[in-house]
Amino acid sequence: MADLQLDDVTKVFTERDGNEITAVDDVSLTIEDGEFLVLVGPSGCGKSTTLRMVAGLESISSGQIRLGDTVVNEMKPKERDIAMVFQSYALYPHMTVRENMSFGLEESTDMPATQITETVESAAEMLGIGDLLERKPDDLSGGQQQRVALGRAIVRDPEVFLLDEPLSNLDAKLRAQMRTELQRLQEDLDVATIYVTHDQTEAMTMADKIAILNDGELQQVGTPLECYHEPANLFVASFIGEPSMNFFDARRDGTQLVTDQFRYDLADETVAALGEHDDLVLGVRPEDIELRSTGSDEHSYETTVDVVEPMGNENNVYLTFGDKHAESFVATIDGMNRVEAGQSVVAHIPEEAIHLFDRSSGRALRNRTLEPTAVAEAQF
Amino acid sequence: MADLQLDDVTKVFTERDGNEITAVDDVSLTIEDGEFLVLVGPSGCGKSTTLRMVAGLESISSGQIRLGDTVVNEMKPKERDIAMVFQSYALYPHMTVRENMSFGLEESTDMPATQITETVESAAEMLGIGDLLERKPDDLSGGQQQRVALGRAIVRDPEVFLLDEPLSNLDAKLRAQMRTELQRLQEDLDVATIYVTHDQTEAMTMADKIAILNDGELQQVGTPLECYHEPANLFVASFIGEPSMNFFDARRDGTQLVTDQFRYDLADETVAALGEHDDLVLGVRPEDIELRSTGSDEHSYETTVDVVEPMGNENNVYLTFGDKHAESFVATIDGMNRVEAGQSVVAHIPEEAIHLFDRSSGRALRNRTLEPTAVAEAQF
Amino acid sequence: MTADTTTEPEPEDDVNGDGDDNDETQGHLARLSPGRIALYGGLLALVAAYLSPLYSGLTTAFKSQDAYRETSPLQPPIDGFTVDPWLTAASELAFAMLNSFALTIPAAVLSALFGSLAAYGLTKVDWRGQALVLVLFLAAVFIPYQAVLVPLRQFWSMVGLSQIHPRGELVELLITHVAYGIPICTILFRSYYQTLDGELIEAARLDGASLARIYRKIVLPLSIPMFAVTLIYQFTQIWNDFLFALVLLSNRANYVVTLELNALAGSMATDYSVQMAGAFIAALPTILVYILFGEQFAKGQTM
Amino acid sequence: MDSLRNSLRRLNPLSTATADAETGTGVGVEADADERGGLVDRLRRSDFVESMPFWLPPTALVLLFVYGAIAWNVVISFTGWSGLGQPDYTNFTLEMYRQMPADQDFIASLRNTVALLIAFTSASLVVGLGLALLVDRKIRFESTFRTIYLLPMALSFVVTAIFWSWMYADPDGLINTALHGIGLEALAYDWLGDPRFRLAAVIVALIWQFSGYCMIVYLAGLRSIPDDHYEAARIDGASTLKLYWRVIIPQLRSSTVGATVVLMVFALKAFDFIYVMFGTNPGRSVDILAVTMYREAFSASEWAYGAAIAVVLFALALTIIGPYAYTQYKRGAL
Amino acid sequence: LSGGDDAEPLENLLEEDPEEYQAVEVGHWWTAGGEEDAFEALVEGFEAEYPDIEIDSSPSPGGAGSALEADIRNRVVDQNPPSTFQVWPGQALTDYTEEDLLYDIDGNVWDDEMREAYHDGPVDVSRPDGEFVAVPINIHRLNNLFYNVDVVEDSGVDPESIDSPSELLEAMEAVNDAGYVGMAQQTASAWSTLQLWAQVLLGEYGVDVYESFIDGNVEENEDEIRDSLTLVVDYSEYFNEDASSMNDWDDASNYINSGEAAFFHQGDWAAGEYEADDDLEYGANWDHVAFPGTEEMYALNMDSFVFPKHNPSPNATLRFLQYAATPEAQERFNQHKGSIPPRTDVSDEAFTPFLQDQMADFQESTDQPPSIAHGLAVAPATQTDIEGAFANFIDNWDVDETYDDLVNSFQ
């Protein structure tokens, strides 16, 4: 049982034509024993490559990977005591479920056959696939295959557990179900886990900690809510959350923000947080925008409803500042609220909810203030 | 300009081994001129088959399809004046965009070449692909290909427009964008449209009317909000909405519902709606459940928080009635509300929000009452 | 497997086979492990083994009669180098090469065309029973031609093209090759058409094109890569055919190159130099096709 | 905003006209369809009929030349036809089949055919698999190696027979020269002269010609195995040997089946090679049914007997093709 | 399509003095060396005689005529034969005569004058079924034993005094002891050994047994056949070691040129190899005797021309056949071919000393037994089977099995 540590890990691929691609750029991360780290980021950002370096399937261009006190850079996969679940499951199609699950134990340990049988059967029982042991993978449903892939990994009782988009081949309902199951399983196993996904829901709901990668570089590591509410930069702010945060380019003019569409007065402490930065981006999440039929208080603006997307439990309302062809921004309101396209509404953007970013570096200068309410106080 | 009408349309496939598969079972539907009908349902429920029968790509086993007053059952696809956009786009890879878009006009009309050119160019302009006309499909991005496929369909100025999961090959951001575009386009074209998808968001946001299929049978036809708030049966109730509606098996005992976990008093008008039915399913949407720290009024129950999935803008809270291993149900609360796993909370299930279904037939006996609030009155 | 595969390669010296080995650019020479060296050694030894018949043939073909008698076949033709065998063989085989070309090219084109038409009719258009027809085609690919030789002879002697014109035999052979080429061409085209997106054809039907127009405007242009494969396959098959020619051709003037090469070998039994030169000349077109279109050739072989 | 449809309409008066016309005639079409909605009309419209021009001519050619000829061959085998005359289709006899068991040449060639079938097929598969595994190890110049191993496949059997008769020549062919060169004179046999080695010599030459084919079939199979199977096995701790033995090779089953069918069927008809090397009368050590058939029919004018041997050959081929075609059909591969 | 019954009678086709002749297409396999020269000489002579008629040579080399044979058969079956073709006479023609595919040319070509000029053997093989259907053009002798003079002298053997095949075995023993190859032979293809066995049978047991054998009486002659086969097996001990990989007789005959072997049995075409060798001289370095025991015989291998029905050029064909039967044609042809004219009235002046000796032997010969290996003696199907038997024989030298095969060959 040990922590997994990545120190300045870099991976450079050299293509045949001599081009160098830095797939992973100087990434440092610590995954504590028992911790569940979710690695997210857009396609091609280096998630899989990072995972494969940890597994030993890809060499490390520079930096160190340590498991406990051991540097594992030069170790072969089988010496690392790591188990991995692949996106495609990579089940051996010619072997039964039992053979698939035993294979790793037979190859990498001296465990006697009877004990292997026992281990495999108890793991299968735990995963609810005890009665499928004699089937071939092709005769299993997607969810069952997924469980076999998990089973194959857990029987080996590894130090570190790696999962590369393990749910992406399942349909929505099954994915939701497996998500919860996986989470429970990891809690039970209590082993350091890296989980790669590009699904936000998975990232938010499963992670102890999220690590966000972009273009090979680590953007932020934090709890899901930290990343949601206190994004380190523009990229994280736009990547996390659906519908995405609304952004307005803004210039600071004294204690006022000036955008193409509106002016926004800032409180003193907000101004202080900005320091010298004048070229800014104002961000606000759709659910933080309040819509009212009338009103003219501070931070309220006359807008026109462009489109309403009713989602049942909520409505996404696309708003524009007067001009129909200007870019719209989105506010999310309760599904029971009725708004019609074309209607005029007042949008209120509360100051405690705004994010401000430096436009050139993208760095967050000021994140929203969090005043979490306990359930007790809220009405619903 | 005509309505499209399906009367008791059935499709039976005979497999090689003689098995009969009823892919579409006695479906009747009317799509009015200019109407946008979205056909949803789980995989394999017969959506594509229905569409293909309308297009004439699949023969009709029984029933009638009418376009205006004409029965088109026996007509060949080209005689039906229908355009279709395929999931794979089905662009002719060896032809330029221009040739792709002209092909249908050349094959099915006597339009002179100059006029074809004009038509194609104006449609391309409209779709913003005017400068791509000389490219081959392989040189286009997914979104551009999608637009070409649309262009190919609209230049033919069809009576009916069919789209089979046209956005499923696009990534999330592009999908959201194309969704709005498609909607606008259809409004402009003002032509009867059937749109197949299994994406709920698309169904809810794009449709004038949703038709929900399951296992070849039509479950409900209605506006998106009707389907969300007034599901015709259990299937629709569980299919529409994410997270899915919570269901509790219940027995009626006088004016009380008795479930394994709790008792629920019913108002008189609710009891009246139930008629003779005693074996029921109680349904309630996650966002309709209110959580409070204390309280003991009617329809409130002591529960324990099992898991909290923070999604940023909202939290999905999984609750159990005391026993940790009983099945949990889910409530959605605002993202700013803090709840912890293990905490005890009181869940309030308001009577106006509950749905009741007959357990054996699945038919809805009582749907929630709708009291839509105007934006004006709501705080947010 | 040779012993070297038991040696574990470095982590990224991957054993998997997706063909594009990006790791090799990191300098194979720099990290040639003993396992790799053994691997290349084995591969080169196999190359030697596979090329040896051609090598000994080639050296012999350049040797004069004396040099051939006196030197080992391993020895390159340095003393006694001559191109006479090539000239002799070429002049003997010239007319037969022409016959072969006149036969092979149209036969290959026709069988590919028929195969493509049949595959289109049997794949992209749905009707029951096509699977049965396809089973017949598949079986026909594998039928030993001995099972049809006698009737084939009878059939053509009844038709009697050879009596109408001295070249009639070649036409008979041509038609025979077309007929026996159709099954494999159909199977090849069919497996290709199955990978073609069915929605393409449906889109064209919705666009108002008839089956013939769809074939002409959509399927045919998209089949060009497969035409390359089948044409190359059929070209080599027909060029290399011996049995049908042996049975159907009786007039020397109509001999195709395989027959004439066999005749040459028979009449120059002791002159290996001329035999080898002749063998190379007869093989030249297919070797050229193979070298120029190796990819398509390999595809055709694997169906 | 102007409706797009209308703007298109304006652009396109013709289409409006046709659209209107269509609504006008629509009823007519319906009535029409009702009147002659019978079988004939269905047929006319059916894909079956419409697709006929495409598949019928080639199918007819195949039926005539392949299946018609096979049937005719069976008929001929019952006629007892021999000599330069014409078969007599009025009298049928089983005589041809009756005399087979007593015909030592036939027995010998049947035996050789089966031996060739088994030895050649299995050896080619093994060699081909070995080549494929070697070539698949991310080697440099992979395509060059592949090209060389597959090259013999491009050659006519007439050509390869000529090359190999020179390879095998005793004492100055390349093989014996090489054996002498490395001091293994004892192993330098007269490969083509000695009846003990003739069949083996033919098999070796045929392996040379066909192993490249097996290689590409196996390579295609190997390349269809996803990379992550290799990776999963390595994480599972399998050594390279175990990886291949337990994970990779078992997945090549369908490649093996496909290649086996092709090789076996080829082995049945391997005629050209033996004919060119040894003539029509190669002797019992290397005679195979394909050659015997040719000799009986076309050298001795024992047409019916030749046809009967061809029927036996065909039956052998059928035992191989039949199950294959059937499973392909069952699997829906057709 | 059936046989030749429906063909026009020859008389209807022939014209006394046709205005125009079709070209004569001649199928043959004389495509190399002296054979090619011989055929060209024949054509030259004919064209000088008949300037109006063109000869269209249609050669099919390879397989010692087997390619031609198959081609001709196919064309005859198709009723599309060449005008005439080279074919072994005798039983080799039975397939044609059974189906009545050849014209009887008695009267048109054969006449009394001609018949007188021939020995019985050649006449008999020209009318296998009683009707004259073939015109012989040459004769090769099969019962020859060539030897290298130095080698036999060195081994103390006198070929002239060897009287029977069994004595030949002893002579070979002596040669072997002297360090030479007893008999040069090729055993890669079967016909040389079949031919050798036929000579052994003739030499050891005489013409009657031989003729009884070719009539199909195998079992009546079981002992003779077994013994003669055994004798060939004994011979094989003294063959050159590489006999089994030699496909061609001329590789074997080379052992005589080079002085490595004493004896060589082959048709008289082998003499060409020695005559062409500048280092060797007939009588001094190489010499020839009849195969022991066959001194009175002239074992026949012949080529002939026939007149197939459905003939494309009947008038020209007739002229060609008539010409082929003349002494002039046979002289022209045979001096190049290395064979002797079938006619006995041809001057020997133009021939080599060796052939002159052979012509003299022919004049004096009492029997002219036909060749088995070349199909003169037995029907084609039988010949194929016998050849098969010997193909097997040279593989395993098993007398019992070969005897059984020979019995079966006639069934």
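Letters A, B, C, D and E name the chains as they come in the text, with residue numbers starting at 1 for each one.
In this section, a contact is a pair of C-beta atoms (placed from the backbone, for glycine too) under 8 Å apart; a residue touches a chain by one contact, two chains touch by 3 or more.
For clarity, every value in this text was computed on a predicted model and none was experimentally measured.
Least step count on the touch graph, subunit B to subunit C: 1.
A count of contacting C-beta pairs for D-E and for A-D identifies D-E as the more extensively joined pair. The most central chain, judged by C-alpha centres against the centre of all protein C-alpha atoms, is D.
Measuring from the averaged C-alpha position of subunit A to that of subunit D gives a distance of 53 Å. For the pair subunit C and subunit D, the distance between C-alpha centroids works out to 13 Å. Annotation: 93 Å between the Cα-based centres of subunit B and subunit E.
The geometric centre of subunit A is 94 Å away from that of subunit E, both derived from CA atoms. Residues of subunit A in contact with at least two other chains: 56-57, 76-77.
Multi-chain contact residues of subunit C (touching two or more other chains): 8, 24, 131, 246-247, 262, 265.
Residue positions of subunit D touching 2 or more other chains: 169, 229, 231, 239, 298.
Listing the residues of subunit A that touch subunit B in their complex gives 43, 171-173, 176, 180, 183, 201, 204-205, 224-225, 228-229, 240-243, 285-287, 289-294, 307, 309-314, 316, 332-339, 343, 345, 370-380. Those residues of subunit D that touch subunit A in the complex are listed here as 226, 228-229, 231-239, 242, 246-247, 250-251, 253.
The touching residues of subunit E, counted against subunit C in their complex, run 1, 31-32, 58-63, 67, 70-72, 74-75, 77-80, 247-248, 250-251. Here subunit D touches subunit C in the complex through residues 46-48, 50-59, 61-70, 72-73, 76, 87, 130-131, 133-140, 142-143, 145-160, 162-164, 166-167, 169, 172-174, 177-178, 181, 208, 212-213, 216-217, 219-220, 222-223, 225, 227, 229-231, 239-241, 243-244, 258, 261-262, 265, 268-269, 271-272, 275-276, 289-290, 293-294, 297-298, 303, 306-307, 309-311, 313-314, 317, 320-322, 324-326, 328-329, 334, going by the rule given at the top. Per the touch definition, subunit C reaches subunit D in the complex via residues 1-2, 5-9, 13-19, 21, 23-24, 28, 39-40, 42-43, 46-47, 49-57, 60, 72-74, 114-115, 117-118, 120-122, 125-127, 130-131, 133-140, 142-152, 154-155, 176, 178-180, 182-183, 186, 190, 210-212, 215, 236, 239-243, 246-247, 258, 261-262, 265, 272, 275-276, 278-280, 282-283, 286-287, 289-291, 294, 297-298, 301-303.
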